[in-house]
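Below you'll find the structure, written out as structure tokens, and then a few comments.
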Amino acid sequence: MRRGIPLAITFLIGLFMLVDFFVPHYRVSDLAGEMKQWGTIVIAASILLGVGNLIRVHFHKIRRRRDGWQYSITTLLIMAVMFAFGGPWGTIQEGSAFNWMFLNMQVPLQSTMFSLLAFFIASAAYRAFRLRSAESGLLLTAAIIVMLGRVPLGQLLTRALPEQATLPWLTETIMAYPNMAAFRGILMGAALGVMAMGLRVILGIERSYLGGEK
Amino acid sequence: MKLCLSLVVLLLLVSAAAPAADDAETVDPLMSDVEGAVQAPVDSIPPAPPSDLAARDHIENTDAGDKIALSWSLSPDDGAGAGDVIGYLVLRHPSPDAPGDTVAVVGAGSGRCLDEAVEPGTAYYYTVASLDGANASEPVLAGPVAGRTNLWQPARTSVFVLMIVFFALVMIFTRLAERGAALFIRRIPGLNAIEEAVGRATEMGRPVLYVPGIGEIDNIMTIASLTILSHVAKITAKYETPLIVPTARAVVMSAAEEVVKEAYAEAGRPDAYNPDNIRYLSDAQFAFAAAVNGIMLREKPAANLYMGAFWAESLLLAETGFEAGAIQVAGTAMVSQLPFFVTACDFTLMGEELYAASAYLSREPKLMGSLKGSDWMKMVTIILMGAGVILNLMGATGIVNWFQTQ
Amino acid sequence: MTLFWTTIGAILTLSIYSFLYKDNPFYKFAEHLVVGVSAGYYLVIYYWNYIDPNVVTPVFLLRVGADRIPLLGMDWWMALIPGILGLLLYMRFFPKVAWVGRWPLGIYVGGYAGLGLSPIMQARVITQLGANALPLAGVEDPFAAMTNLVLGISIFAVMTYLFVAKRSMGAGNKLVRAGVIVLAAVIGYVGYLALSLLSNAGVVSLTNILLVVGLLGTLSYFFFSMKHKGLLGGLARVGIVFLMVGFGASFGYTVMSRISLLIGRVGFLLHDWLHLID
Amino acid sequence: MSGVSGFEKFLKIDRRWIFLAVGVAVVIPFFFPLGLLVDVTPPVQSLYDAVDVLPPSSQPLLLAIDYAPATLPELEPMALAILRHAFSRDVNVAVMTLHPAGYGLAERAGLQVAEEYDRVYGEDYVYLGFQPGTSAVILSLGVNIRNVFPEDAYGTPLSEFPIMDGIRNYDDIPLLITLAGWSAAEAWVYFAHEPFGQEVGAGVTAVMATDYYPYLNTGQLVGLLGGMRGAAEYEGLVGHPDKGVRGMDSQSIIHMLIIALIVVGNIAYFATRKSKKLAG
């Protein structure tokens, strides 16, 4: 019963959304559009759950003086400061302290984390691109050709050759055909997997995401 | 089965040799606007009228029944003949004899118009006359036609048919499986590796890290990940190995809590469940990645499992995990991140393997049935592809048009 | 003031980079800082951008029944539904009614599962089918067509035969397998060059064989409920070949954009902060 | 066998050496540019040609600098290169932005290049500033620029600038170039090119570029710069290699570095395997 109701809700809503795709009547479309927005609001409302969890975990860490508990103070403190700057006023205004902290702390930190990938992509390539088998040879060859074909120094190497033997041309061809074919295959297979999973969810066969029976 | 495949392969190859259908792109005559074409020679002879005027209820994806689509064949003087047609005057009439309201003036070379302001359910008549600089042709008439709010989108019928086929296949095999038909499922090395990885973490007395991706819970990859998490949690509960689950979405965090708690209860170790190990870190992608990296280096999990939807953070996590010396198993259907997981992890579940995991791990007949069903759907897809290639070669583009949806 | 904030940004940037050497207090600080900042940020943004305009304002504050809600575009009372759903999430903290907390999850997951099914069938399967069903046509020159056929069949037959034949799949035959792949690639490439001299249409057809065979092979790899042997096994192996080429190529292709990010950060440090370069 | 053990050591090299090499490789061109020029692709050439035929000291080129800090590394080099091209030919330029965070960035690009070429504000170029409401702004510009920007970014009425004399709407703007890391580029196509027939060129990030190629074929865009590489090509054409070319230098070096690492890694891998076989 307690599990039955959410499963029934899942089924009915899922079915309605499924039908909406084929029924163009505006009342159906409008209601479906409405329900899509509910999801956005539920997600927004859930943020407090997440922040609550974050506070609890760090609070426990501080109370029990676990390794690095001092850093947890940073997290909680800066969160409180950010909230105090933005909470009562909200909307991002040019030049507000909230905006400054966002632009000068979160933005550079996030983009620096992102840029670490330039280092990691090099170390991953060094370690993983070994000629262990025919397959890894393909991986390696394709990667090297494409890497060469994308930069001026690589283009210099084959500039004298006819167009269809140049590295940029090979790069384009690899990207457009074998690469495309493989990715289409993955996408189509995954699409069927998603659909089977979605169907199982709607029918209530797959329900572990709802958690326990109690 | 084998026969089926061979047939398709053969047909695909034969088709390469057949004479070609003319697939050159037809170039639409450039839409010249009315203003620009005024320079056409002006005479006193009215141009020839357009023909084959058809007016139909226009069906769109949010249909309020307030649009009617018109189409006609161009006047013989449009672009050819006297060549002086500059456009078409489209009028809407309440009855064939009543005077009409102007709907639009359509530029020469175009035989289409959409009236977007009709009263739903009211019958109208339409006339279209061709114009040159000075005169208008005899109007041609069509109607009556009324805008309706439709209950079916015909442009999506092909989707519907394939959906029905797919559902039917899944249902049939699920039913068969429930009745006890033995279903085979091929080995998926990545999934076998999960248990090994957890085992090794237990031996070393170090925790297991399970990252369910940074997708929201509406992402089916996240749902698939939660089902795998349930399986992993049962093993860690059995061995009493700590299981750390960092999440980037609050709802996923709360679902993961339920899943893990339930799994520990089922394994008979509800006390071993530590709520502090299911953590919400940050909605911000790289803040999340930074924090997970921190967990890897400081809490030293011996097994890192990445299952779900990942974006650019994939390699940040996998490289740090490698450096920390953990066994890593990844699974995602994000095509753009697969290359990185494949190169940096010990095992990777690619694309559909992630969705097949719950069936593979649980061996539950219902799930196995749906897996079999989607395999057959793949077969249908391959056959359709072959059929499309061949029919297309024979000049029958019907099936290709059928694939064009809205 | 700008210099102050730029310096903060620069110090944080360097703190993150210090992680490349090893985990250290600077990185730990930066990591905990960004987690805290973003938690506060999302708390504020989610409330003011979603909850306030769509639930709180229409329901509690003013204009009850007077105005349409910006996001929903419907009557004010409709805003109650997501509002209540949002509250239900928190029922999990009250053990007696905790089970009600799963309702919003059910609605959300069910809704999106249903919502996703048909568009996925449409965009990922049918449209791709349309794109792949078209191609092999386009050869008007009978000679080019013949060459094409011979080439297509030979590449495919050679690959399939060697991949299917069980003996050649043993561990000792790595070289044979590598040889086949190289051979097929060379035949294909030389054939391509030859064809491109003859007719453009032939080229189109050849590349399309590549697309169709690749797709067929990759799809075959994803058959789960059948044993991968015989023709299916051969095709799946061909699929793996395409997958590997695809992974390698996309890996190489992505390097550039990742380095662009690094150049951006280095530019920030050297130019915006230190003014070392112009 | 000491050589072999050397290989083995190399195989297990501390990856921090790789990080260091990457870091050095990316910094070097900042100080010692190689200046390798990139082969020019047709979309870049056609954008260059479109700017190259603009009449000097006449109707202005409208440059919409619509990028935000996140896409700055890829798009700012384009802005500088285009401005240099225009100013070196005495073409008038009006700069504006559709992105709230682009205000300072647009100003700084204009200022920098104007200084390089001694251009006079108000006579040779003008900065219109930012207005919110992407598509609405684009449409209104087609009616009258003064409806959207009655004053320049600093509050001076447009009537006081000689450069804006007789410039009313798109009819008086021979070319518009948008540089955007978001959908603004598409908006210009839909709301300036489609209804008003305005010639539009665009510069977008490398990731976005594939999505914009179709507009080139249909003529909705006169030219397209894609990512850092597009900027480098344009810089080459203008004859003023700068951040784009330098960025491509870094790209070249790191790509080669990675390839070299892979090759050396494989040599070491085979050498150690062989020695193991011998020993075994």
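Chains: A, B, C and D, in written order; residue numbering restarts at 1 for each.
By definition in this document, contacts are C-beta pairs under 8 Å (C-beta built on N, C-alpha and C of every residue); 3 or more make two chains touch, one makes a residue touch a chain.
This one's a predicted model, so the numbers in the text were calculated from it and none came from an experiment.
Relative to the whole-protein C-alpha centroid, the nearest chain centroid is that of C. Comparing chain pairs C-D and A-D, the larger number of C-beta contacts belongs to A-D. With centres defined as mean CA coordinates, chain D is found 25 Å away from chain C.
Centre-to-centre separation of chain A and chain D, using mean CA positions: 27 Å. Averaging C-alpha coordinates per chain places the centre of chain B 32 Å away from that of chain D.
Distance between chain A and chain B, defined via averaged C-alpha coordinates, is recorded as 17 Å. Among all residues of chain D, those that touch two or more other chains are 15, 19, 22, 26, 229, 251, 254-255, 258.
Residue positions 21-22, 30, 39, 42-43, 46-51, 54, 68, 103, 106, 109-111, 113-114, 116-119, 121, 123, 125, 127, 129, 139-140, 143-144, 147, 150-151, 183, 186-190, 192, 194-195, 197-199, 201, 209-211 of chain A are each in touch with at least two other chains.
Residue numbers of chain C whose C-beta contacts span two or more other chains: 16, 19-20, 28, 30-31, 34-35, 37-39, 41-42, 89, 102, 105, 108-109, 111-113, 116-118, 121, 125, 132, 212-213, 215-216, 219, 222, 243, 246-248, 250-251, 254-256, 259, 261-262, 264. Pairwise chain contacts in this structure: A-B, A-C, A-D, B-C, C-D. Residue ranges on chain D touching chain A, taken from their complex, read 13, 15, 18-19, 21-23, 26, 36-39, 69-70, 100, 229, 232, 248-249, 251-259, 261-262, 265-266, 269-270. Taken in their complex, chain B has these residues touching chain C: 1-2, 5-6, 8-9, 12-21, 23, 156, 158-160, 162-163, 166, 183-186, 188, 217-218, 220, 223, 251, 254-255, 258, 281-284, 286-287, 290-291, 293-294, 297-298, 336, 338-340, 342-343, 350-353, 356, 359-360, 368, 371-372, 375, 378, 381-382, 384-385, 387-389, 392-393, 399-400, 403-405. Of all residues in chain C, only 5-6, 8-10, 12-13, 16-17, 19-20, 28-52, 54-55, 71-74, 78, 81-83, 85-87, 89-90, 98-99, 102-121, 124-125, 128, 131-132, 174, 177-178, 181, 192-193, 196, 207, 210-219, 221-222, 239-256, 258-259, 261-262, 264-265, 268 touch chain A in the complex they form. The touching residues of chain C, when paired with chain D in their complex, are 20-21, 255-257, 259-264, 266-267, 270, 276-277. The touching residues of chain D, counted against chain C in their complex, run 16, 19, 22, 26-27, 30-31, 72-74, 206-207, 227-229, 243, 247, 250-251, 254-255, 258.
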